[in-house]
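Below you'll find the structures, each written out as structure tokens.
Here chain A shows up in two complexes: once beside chain B, once beside chain C.
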Partner chain A sequence: MLRLHPFRYHRPETVDEAVALLAGFGEEAMPMAGGTDLMPNMKHRLFTPAHVVSLNRIAAMRGVALGPSGQHLRIGALETLADVSANPLVRRYFPGLADAAGLVAGPQLRNMGTIGGNVCLDTRCTYYNQTEFWRGALGYCLKKDGTVCHVTKVGKKCVAAHSADTPPNLIALGATLALAGPGGAREIPAAEFFLTDGIWNTRRARDEILTEIRIPVGGPGRRSAYRKLRQRHSIDFPLLSVAVTGDFEENGVVERIGGVVSALGARPRVVAGWDEIAVGGRLGGRVIDALADRAYAQCRPLENIIVDAEWRRAMVRVHVRRALAELAGRAPSAGNGSAAGP
Partner chain B sequence: MEVVRLRVNGDERVCGVPTHYTLLETLRYGLGLTGSKQGCDKGDCGACTVIVDGRAVLSCITPVWEAEGREVRTVEGLATAAGLHPVQDEFDLNGAAQCGFCTPGILCSSVALLDRNPSPTRGEIRAALAGNLCRCTGYEKIYDAVEAAAERLGDR
Partner chain C sequence: MSGRGTGTVAPPARVREPGQGAQAASPNGSGREAEISEALATIGRPMRKIDGRAKGTGRARYTDDIRLPGMLHGKILRSPHPHARILAVDTSRAEALEGVHGVVTGRDMPTTYGIIPWTPDEYPLCVDKVRYVGDGVAAVAAVDEDTANAALALIDVKYEELPAYLDPHEAIAADGPFIHEPRKKGWNGNITKTVELAFGDVDRGFEGSDLVVEGDYFFEGTTHTPIEPHCAIGLAEPDGKLTVWSATQVPHYLHRELARVLELDPARVRVVQPPVGGAFGGKSEPFDLEFCVAKLSIITGRPVKILYTREEVFYSHRGRHPFHMRYRTGATRDGILTAVDSRIVMDGGAYASFGLVTTYYSGQLLTAPYRMPAYRFHSTRAYTNKPACGPKRGHGSVQPRFAFEVQLDRIAEALDIDPIELRRRNFIGSDTRTVNDLRVTSNGFLECLDAVERASDWQHKFRRLPYGRGVGVAGSTYITGTNYPVYPNDMPQSGIQLQVDRSGRVAIFSGASEIGQGVDSMVTYIVAEELGVPLEHIRVLAGDTDFTPVDLGAYSSRVTFMLGNACIDAARRIKAMVQEAVAEAWGTKPREVLLAGGLAVMAGDTGTGMPLREAFNLAEAKFGTLGATGSYNTPRDVHGSYRGATIGASPAYSFTAHVAEVEVDPETGFVTVEKIWIAHDCGRALNPVLVEGQMEGSAYMGFAEALMEEQIFKSADQGRAGLHNAPSLLDYRIPTSLDTPALESLIVESIDPEGPYGAKEAGEGPLHPSIPAIANAIHDAVGVRMNSLPFSPPRVWRAIQAAGDGGRG
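Entry: the complex of A and B
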């Protein structure tokens, strides 16, 4: 049995109410959406807030709809991962994101967990996601209650891994995140949201709430794909994740291509230098190999998950290749101006 | 302690609970419904699966307050006065349970699936049960049982 610590539970019905509660209680409060990450973490005493502010009654944070001009898709942060993965608009415009949402954890967790919670997921590490007894037996770690990183042994920087499936796709797709806090509302590109500090790896202040996600629909030639490496095909967090997106001309020539590799360190890694390899040509065998080599050269996983780091690194090449092969074979996402129609 | 009002298996239930209780703790220790099992107790194993508003969820990581105003169904609510739910009966007939600890959760995941999708493919059954771990035996007899139950429900 893993008991929770005593806390008060609040159920505001508007974003303003939730923000006021969080601001009022300060560091003693935490927001909670689906709770699939926070509840186990509280059971492990990684967080012990005196007040939990549930966001689940805030109707304004639900819904999936195209923006007024049809240029963006708005996804309410409280949409469950099951609903996001099955949503016809998400499937049509962003198949990579739909696949990623459908690959998070297992079915029950996708029925509970939200896309907003997934974006704000705490980083993970073998030495962190353990019971208090386990962590205490090892003298705790740099991320929580201790001073030593058991992964790097000497480092003063936490290397716990960003382990969420949807953000690499949101970054690759150029999404924008909307936050609400005591200072008002603000927007931040998904690409700038994450930091390299494993202790707190986002720009979200602790009293801010992620309210919605906006993703540009792009042109008719936009495609996306996602690959995830894990030990089991269900329940597990990724050991490695690869999100790719590209704009293609009608004849298959690449106009723009982007890749994000994650679950290795605290921040999803945007692969540098892909455009110069692939733009202007078709996405085929040699080009895909060159792109995979480029990604491999930029990724150096540590043993923040107890899986051989060299094997995980070798898998970068394999999974980037597979993601790109899927992208090459994928039909255009039927974005704006497509003859396919709705 | 605070009073929580739940609708469980069609009954209105009122119960005093500590404010940090989970739905699972309330079911087991507040209402005496011990069919839902406390396995890993942190959202990995699926033994605590119940059906809330038609969807399979994990009661061990659901704060009890999130279940207020919603329809909760547990393994105790699957059978009726007329007899076992066809999924329960087919689990029995197909030998789909061994020690039985994972069974209540798997039954709930299966019923939630069949209520949404009355004639699932084998692959859809596997996907729907991918969040329920059985450590005794394989899953084949479990899939067989759900398939057989779907056929029986379809024949009605």
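Entry: the complex of A and C
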């Protein structure tokens, strides 16, 4: 089988200890939560840190609870995807996020993988997620050990795809990410966390740890939905992901609507111009079609995943439409002060 | 023309009810079938696999579970180039690395081999040239895997790159440099084999047709994906004896090739085949690792193990060939076939493997279950700079069957005949000969069609379901073992040896390969049936060339039929001795002595009896140590006399029909296969549970190829020509349990006149119709013909888009 390189394994019990270890070893160290992304990547020699800092013993990074005023739900970054997908609070307030967490990989991987790890998931590309031998035969690529992007041929920018299921939902829901680093703690809106550079597509510094995710609960009319395109019903990363969220008046009139399309490039794309189409009216067939057209016009997948890019693009329209139809039909998620069930 | 054993007319085949034992199976059966059924105590009943518990609880010891004292770990250096000359290999830096005990290159084993003796074109490690990305160049043995990997990085190989051929048509058209030196001067070194055969007057057949349907089809390559990667351990001992443990399905052929290539006395070479964790044809010839562990052990004097990575399993391949196929099929207005013509270009990859046979099979195995008055095929296998293709479950005949069964569906559509009815009208019958002169004996194909038609409620579904939903049917046949070994000889195809202990324990020494299909269980059931011994008193020692008689291997669905007959042969020899000894003690005739239920009893006087152990002791006292051998060889009058007539010949053929029901999402192109009904004529189900397992596994594997699997490669403008697209189980997609359709197995028993208790194969035949049945169901659902595999969402979506744009509809 493929071998891991030799490394030292650290198991700090507090965030401060973990941050100190990462800062102390600098480029030589990487944090690891569930390890379901980092382990295979290390076996592929995409990362060869001399020090792996496990976060698993840090109790402060666990737990799902409503904030003091009940305005936010806080999810510890170490919560497993299995737990997030089954958590009653997450299911109640953010059914789209619960669905997304439950659609990551397969059951065993969701039992190990964490939501924090999913948010920080490395970007993926057919020319990158391969063995050392394979990448050597290729002549390597821009993202790792090489100088050429085999997807764009000419570009000097890595276009590896953001492939995590939960971030599009977190962005659409207006979540905030809490980071801890040598310079102290800071917060970034999920919508600003991601960059367009596939080599390192987040604002997290290499010695920072994502500790917590905070999501505003919203009003009683908030709804969310998630659609994931993949060939198999389990295991696979998304070929395309669509997260939508909206605030609805009791009579079904749209107050606010947002959509995020991902798995196409390095950064999840927030669809522009939806409010002007949908706000003030009901989410009916013609509106949904117009919103889907708007999303389609803004998305151009590349051949970074080994599946027909033209088909993936056409599926943007279909999946946005289906996600919105689900939103239109879905009972409102139970926001503050609402007694309505899930 | 009819061959041996066809003098009696077989009773009609019947469909087994689920869970039915043999005794209850045939209340209205007649003649021989009923007699046999009623007499059977073990055969035909659902039973455990004898190794099921060990495998289910993790106690089975596979090759990689074996750890020998002082064992070294080997790794193979592989070519990063699809096609290149090797100018120099410098291993000195690797040899100098601490912990490295041995390094070998192609020059250490400069003898070619090949599973087919006429096309030996592989070296254990490349000598002058590499021919695909992943071709082995050198191997090291070191104290551990990390040291071995570090040593590989220190081997310097100088290459001169050559143009790479990825497309078989381009390879055939090229005039050099060829991938292989032509076997004869003037030949094309990019062609393994061309076969052209014609039977009957094909051109006149087309002239007399009311309808001629033409179509181009493409079957993408797929690989086996066994869960257990290939693994081998070599142990050379100071006395010159070599033992190789290997996850192989052909220990006998491996034994021969190891001795020949390494220039050893075969009597001092031992091949042991531990339980194999899946093979499907992917372990049916020698591989580089087996030669390397042997040579490295000889050099180092220590045991050496090599376990392939998953990536290496994809490179070793030998899976299904990509086929480019053109079919012309003629029919009368009543749907009766008049002529069939095919032209096939096969993409063989870098080496011949079984390719000579594959080339024949691509044409020879199409001639049943439908009568063809005239048939012509022209098949060419090209070499390309990709991993070698070979035999995968349904070797050489799954691809043509896909094309042909879609052709039949098009004929049925054009003539407005129900596609099941069309197939019935063309049924070839039992006890007959095909147009290419293959002898067919038992044939339960009509019963298979009836069974799937009834179970699927076909009459209420075909052309009656709403848009997006559809049903499709397909049929097929497959060999029950190939009639001849890969090297010509007159010795038996299967041998077995039984030995009886004074405790009542019976040991079976079987040369056959247990690869999960249940052969060790099968011979246990037969011994239990013949000698009346309880299953728990029977032991099997299998797949060890030092101790077991030769069986040619677990390929071509030959083992149940051939080894089963050998086992009956051996068991009946012992039975005769026991009956004679007991009869003498009782003063009766041997045939009055029955062996059943752990006892010897007197027929008609069940009060007279003794435990089997005592009966065995009486026999040992009378005849000496109790043992017997049994063997089986094929009948020789089952095929024609033209060149190539022996390839495709088999002592019996299985028959299958499937109905698939699908739902197609026209917006996305996603095909959901809701259910497949599988009816398979296996002659007789020796253990219906194992037969159903083979039917379900086959249908699953065909379904997987239909919808997902693609063994494909990067082109030059994707960075590196011939680089495997996705050599991992994440990106080479096989369906998960969530994707798998409901599968309903309908066992049809035609009771073959020559099979053991009437049994025929069940391991490969039931795969064939899955793919065309799904293709035909997609057509019924959304009106598009899927002529290229796989029917992935983008492909189906494009086909629907094209039809919607006023395309072919």
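Here is the rule we go by: the second predicted complex is superposed on the first by the 339 of 342 C-alpha atoms of A that agree within 3 Å, B and C clash if a C-alpha of one lies under 4 Å from a C-alpha of the other, contacts with A are read in each partner's own complex, and residues count from 1 in each chain.
Simple rule for what comes next: a residue touches a chain if its C-beta (ideal position, glycine included) is under 8 Å from a C-beta of that chain, and two chains touch if they have at least 3 such contacts.
If you're wondering where the values come from, they're calculated on a predicted model, not measured in any experiment.
By the touch criterion defined above, A:Arg11 reaches chain B but does not reach chain C. Using the contact criterion defined above for the overlaid structures, shared-chain residue A:Tyr127 touches chain C, although it does not reach chain B. Legend: residue contacts after superposition of the two complexes on their common chain; A:Asn56 is shown touching chain B, with no touch to chain C.
Contacts of A:Leu138 after superposition on the shared chain: chain C is touched, whereas chain B is not. Look at A:Lys156: by the touch rule set out above, it reaches neither chain B nor chain C.
By the touch criterion defined above, A:Thr36 lies against chain B but remains apart from chain C after alignment on the C-alpha atoms of chain A. Of the two partner chains placed by superposition, chain B and chain C are both touched by A:Ser234. Judged by the touch definition given at the top, the superposed model places A:Met112 against chain B, while chain C stays out of reach.
After overlaying the two complexes on the shared chain, residue contacts for A:Trp311 are found with chain C alone; chain B is out of touch. In the superposition on chain A, the residues of chain A touched by chain B in one structure and by chain C in the other are 1-2, 6, 106, 233-235. Here chain A touches chain C in the complex through residues 1-3, 6, 106, 126-127, 129-131, 133-134, 136-139, 141, 148, 150, 153, 229, 231-236, 306-308, 310-311, 314-315, 318, going by the rule given at the top.
Remark: chain A residues 1-2, 4-9, 11, 32, 35-36, 39-40, 43-44, 52, 54, 56, 82, 105-109, 111-112, 233-235 touch chain B in the complex. Contacts from chain C toward chain A in the complex involve residues 78, 80-81, 133, 145-146, 149, 307, 309-311, 667-669, 708, 714, 717-720, 723-728, 730-731, 733, 735-736, 738-739, 792-794, 797-798. Interface residues of chain B facing chain A in the complex, by the touch rule stated above, are 18-22, 38, 41-44, 46, 49, 55-58, 61-63, 65-66, 109, 127-133.
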